[in-house]
Amino acid sequence: MALLIALTALTMLAAVWRLLNGPTTADRLLSVQMLGTTSIAVLLLMAEWQQQSHWRDVALVLALLGAVISAALVQLLRPVQKRDPARQRGQS
Amino acid sequence: MAIAEIILDATLIGLLLVMGLGTLHTRRTGASIALFAGFGMILALVWARLGAPDLALAEAAIGAGLTSALLLRAASITEEEEISIPARRQWLSWLFVAVVFVWLALHVIRLSTPVDSPSLPNLVAGHLADSGVDHPVTAVLLNFRAWDTLLELLVLLLALLGFRQVARRNQHPYDADSHPAPWPLLKAWSRSLAPLLVVTGMYLLWRGSESAGGAFQAGAVLAAAFVLLRLSGQLPVVHWSRWTVRLAALVGPALFLTVAGASALAGEGWLDYPDGMSTPLILLIEAAATVSIAVTLAFLVSGEEEDIAE
Amino acid sequence: MNLALWSMAIPLVSGLVLLLAGPRQVRRWGGYLTLVASMASGLTAWYALQSTTIQLRQYLLLGNWEEGLAIRLELTTLSALLLLFTALIHGLVALYARFSRHGISHAYWPLSCLLHGTLAALWLSGDLFNLYVTLELLGLTSIALLTQSGARAWRPALDYLLLSLAASLCYLLGVAMLYGQYGLLDITLLSDMTQNDGATRLALILMTGGLMLKAAMWPLHGWLPAAHASAPTAVSALLSALVVKGPLFILWRLWSEVAPIDAAVQAGPLFAAAGIAALIGGGYASLRSPYIKTLVAYSTVAQMGYAMMALGLLLFWQHPQMHVALWLFVIAHGLAKASLFMAAGEIQNTLGTRRISALRGATQTVPIAMFAFAVAGGSLIGLPPSGGFLSKWVLLGPLLNDPWHWPWAAGVFLGTLVSAAYVFRAVIMGFDRVHIKRPDLNPDRTAQWLAMLPALLVWAMALSGNWLTAWLGGGGI
Amino acid sequence: MTLLLEALCIALLMGGLFFFLTGALGLLRFPDTYSRLHAVTKADNVGLGLLSAGLALSAADFQSTGFMALIWLLVMASGATSAQLLARYQREQDQQEPPTDGDR
Amino acid sequence: MTAVSTYLLTGMALFLVGLHGLLTLQSMLRRIIAVNLMGSGVFLVLTALAARVPDADPVLHALVVTGLVVSISATALALRLHGAIQRHREDDDS
């Protein structure tokens, strides 16, 4: 079981590599999402391994917050590209 | 089995260090922030590995969730900047860090064996029955060391006050004009996600007295729901100038102080809950604190701008 | 003990009430409520002080839990005196802020009340982690107060915030190490257990570093002048007179109680030497400063040198008289600095410039504020019979007795010379009658008198010197 | 029966792990954002689904099974939605800037 | 080398990395993150210390929960100040 957890955790390295190397913002957000899902998997496995149900609560919160973040941030990140000061002032 | 645990620990620690270093020293701001969000998730796993469910919950909600939302919002108003560090003296400072680390490590490593004499965990376990709740962490937070928690609520409040004062006259970064309208999909998604968040927040609060969870975690999850709804444009701007909003932000510390003062006046002493009243009082305080924490965090994260006309 | 708790709770509650009330109401009666709260808090602190003369050391285990499990609140003569001092300064500053013509925004009142309550909580706390929380609270309150002066304070506020956070984390790491080693957070219990070994010393170093940064002690003072000089006048007065004293108090408790005595003796000379460096370095920077408020802010750095020196020598010799000197000094400096900042602010507002050259002819244009500046400066220098003189006299007593201690005494004299130099530089400029800078506005006489009030009190301190030394001497270590 | 159940459980867990590994591989090796998006979401959802199914088989009570089902649904929905949002975001970016400048 | 001691050392390392970042980095956003890393390091030390006893020390967990809240509120304030300074600068430029 522990080995399974460890191996699952190891797959996060791939996501980190993608995080560091991009190249696009969407890629990075995607990697964060991947990290989140893997963390959830690890937490669920740990709940089974240690027979403790509170890790499932943590997994639930992580899933919820992950969903909030990835949804909210797409919205937040959109105007970054438009934030060309000259153009913005020109419009207003 | 042992080897597997070592692999797990090594993976977690490796990830933690790589992401920690990466978030500071990677060249792009976007990558840095995404790494920080991932860092929070790994940290939640580390708390789980170290047997700290309350922390894992708090980290998942606050560290991985709200802090990265904050950072991303900050980055969305900051120009993308690439940092370049002069490589000349870089190795010297790292050498210095390494030396200090070795020096600290030599002392710290000795702390890894538990102390034998008066140990607080035993004291907590011994008095848990009298504390009014079943979960030791909640008992510490709201009974044994309630004074810390009361001051903590004030810390949160003061952060909000400072936050409100900055840029009062300027316009807020997130206003409807500069951001495109949210996609319908985002709207629909947040409409279905928000109730789930609220239910989870309530669940965490309710579970707090017997298991991991409590006011801080619940407040953070509720705040996340609020932020999501605000971002997708489904809630109106909340104004600090409304007294109800101020009351919601203040009710936690105010109720806590009232209980403390009343117990000093009429009861045994400051924050000494009367016998038999601990459980209801703690629940009341926790509920009030959750409201305050949720409102305050929601303000801090969504960065509401308010009464300019004041 | 309950009296002391009320002295803390009154400002906290009034702060919350002021927050709940709308801006319009706060504008109308916020100042008065603050004044009443500080007076009530001061009154209860006075009675608490009376009670400590009967019972020197009182403590309360919160929630009546067992020792070690509960947070301990402690009331000694010193903490009662500090409660009184906090209420006094807060009241005086509130008086100035309320009646000065350059009024302050309504957001000031709840924050200053909360600052008062936080400091009271700090003076009373006897628990390492609880002290961490009060430190954080103090830091955030100061930031919130600082940001009131608008955009020009943002940058200093951000620097201050980051450094202050880093400092409290250093402190917290030290607390973690002490807890790791002894399993306790209670200062009184820890004081019996600590041993002089590597891990304890490391923890003490970490905590000291953090606290020195927070108290702006040389060489970790870099953030202070910008932050204190950019705040609104009343806020600068509070920050310089009160806020930097909080970490100093924790530092004193740490080294005189938690630290094993041989470690404290080893560290003493280092503190004292850093104190002398602060006196000279801060004084020199103050002498060179082109702005009035920066001069006053650097003088805080310099004056904290005396406190550090008294602390260092207290640890080195374990001489109770040094304890008296340290806290006399803190009180005298608080009063003088409040006056100095308010006078500087008044001069600056009336003359319409921040530059020190504007002081030319100030004895004619803003005579009362200039007089307050000189009087408060006199206490900083240590002219008799001011409070500053009193504290220095107590400090010098043991130093002059023994020829081996004369180098330290020389340090004190050197510091006195430097502070005389920077105070006189400003005052002499005030007597310049040739190049008078005409005021932009009519001088505000009430505000100037209010700025004078703490300075008069610090001179009156010498009259009550006997009581103060008796209180501090009896209730000390 | 129990043996069969255990074998099935292990098979499911292994399957989950396999999908996580392939997802990681896809994230590493696929050439552009859209295909990476595809790889990650597919693999993650199936991986987590198989894992939860495996765990549910060995779980003692219904509560934890329900919890895992909830989490899985949540992750799936969130994955689907955010994949949509991310893809649109990426397209918006691509339309704004010439595709040769993929460094954003 | 037990698990506790490795995590203790990791906490220390994170603290130092954060401190180093705070002192050497130019970008304000990175410095804010650096302070957060320092905080995480300290919390890791505290939690590792808590894991020394069988059922994990609840006092330390409570302390870290308290610390986490301090750190997010301070981070929010710092980021707000940072954003305000940036916008102010932009306004000055134009």
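Going in written order, the chains are labelled A, B, C, D and E, and every chain counts its residues from 1.
The rule is simple: contacts are C-beta pairs under 8 Å (C-beta built on N, C-alpha and C of every residue); 3 or more make two chains touch, one makes a residue touch a chain.
Not measured: the values here are computed from a predicted model.
Q: Shared touching chains for chain A and chain E?
A: Common neighbours, chain A/chain E: B.
Q: A-D versus A-B: which has more C-beta pairs touching?
A: Output for the comparison: A-B.
Q: Among the chains, which has its CA centre at the largest distance from chain C's?
A: D
Q: Please compute the C-alpha centroid of chain A, do the same for chain D, then give the distance between them in whole Å.
A: Spacing between the chain centres: roughly 12 Å.
Q: Roughly how far is chain D from chain E, centre to centre by C-alpha average, rounded to an integer in Å?
A: 31
Q: So how far apart, in whole Å, are chain C and chain E when each is placed at the average of its C-alpha atoms?
A: Spacing between the chain centres: roughly 28 Å.
Q: Among the residues of chain E, pick out those that touch two or more other chains and give their numbers.
A: Residues 19, 32, 45, 49, 59, 63, 66, 70, 73-74, 77, 81-82, 84, 88.
Q: Among the residues of chain D, which ones contact at least 2 other chains?
A: 74, 77-78, 81, 85, 88
Q: Could you tell me which residues belong to chain A and also touch two or more other chains?
A: 7, 12-13, 15, 22, 25, 29, 31, 60, 64, 66-67, 71, 74, 77-78
Q: Using the touch definition up top, name the residues of chain C that touch chain B in the complex.
A: Checking each residue of chain C against chain B gives 2, 5, 9, 12-13, 16, 19-20, 22-23, 60, 62-66, 68-71, 73, 107, 110-111, 114, 118, 121, 129-130, 133-134, 136-137, 140-141, 143-144, 147-148, 150, 154, 177, 180-185, 189, 193, 198-199, 202.
Q: Mind pulling up the chain B residues that touch chain E in the complex?
A: On the chain B side, the touching residues are 5, 9, 13, 16-17, 20-21, 23-25, 29, 32-33, 36, 39, 43, 46-47, 49-52, 54-55, 58-59, 62-63, 66-67, 70-71, 73-75, 77-78, 81, 83, 85, 90, 93-94, 97, 100-101, 104-105, 108-109, 111-114, 119-121, 124-125, 136-137, 139-141, 144-145, 148-149, 152, 155-156, 158-160, 162-163, 166-167, 170, 173, 214, 216, 293, 296-297, 300-301, 303.
Q: State the interface residues of chain E toward chain B in the complex, per the touch definition above.
A: 2-10, 12-14, 16-21, 23-27, 29-30, 32-34, 36-37, 40, 43-45, 47-53, 55-59, 61-66, 68-70, 72-77, 79-84, 86-88, 91
Q: Provide the residue numbers of chain A that touch chain B in the complex, in ascending order.
A: That would be residues 1-3, 5-7, 9-10, 12-13, 15-16, 19-20, 22, 25, 28-29, 31-32, 35-36, 39, 42-43, 46, 52, 54-55, 57-58, 60-62, 64-69, 71-80, 82-83, 88, 92 of chain A.
Q: So in the complex, the part of chain B that touches chain C is made up of which residues?
A: 104, 106-108, 110-111, 115, 117-120, 123-124, 127, 143-148, 151-152, 154-155, 157-159, 161-162, 165-166, 169, 241, 243, 246-247, 250, 253-254, 257, 260-261, 264, 268-273, 310
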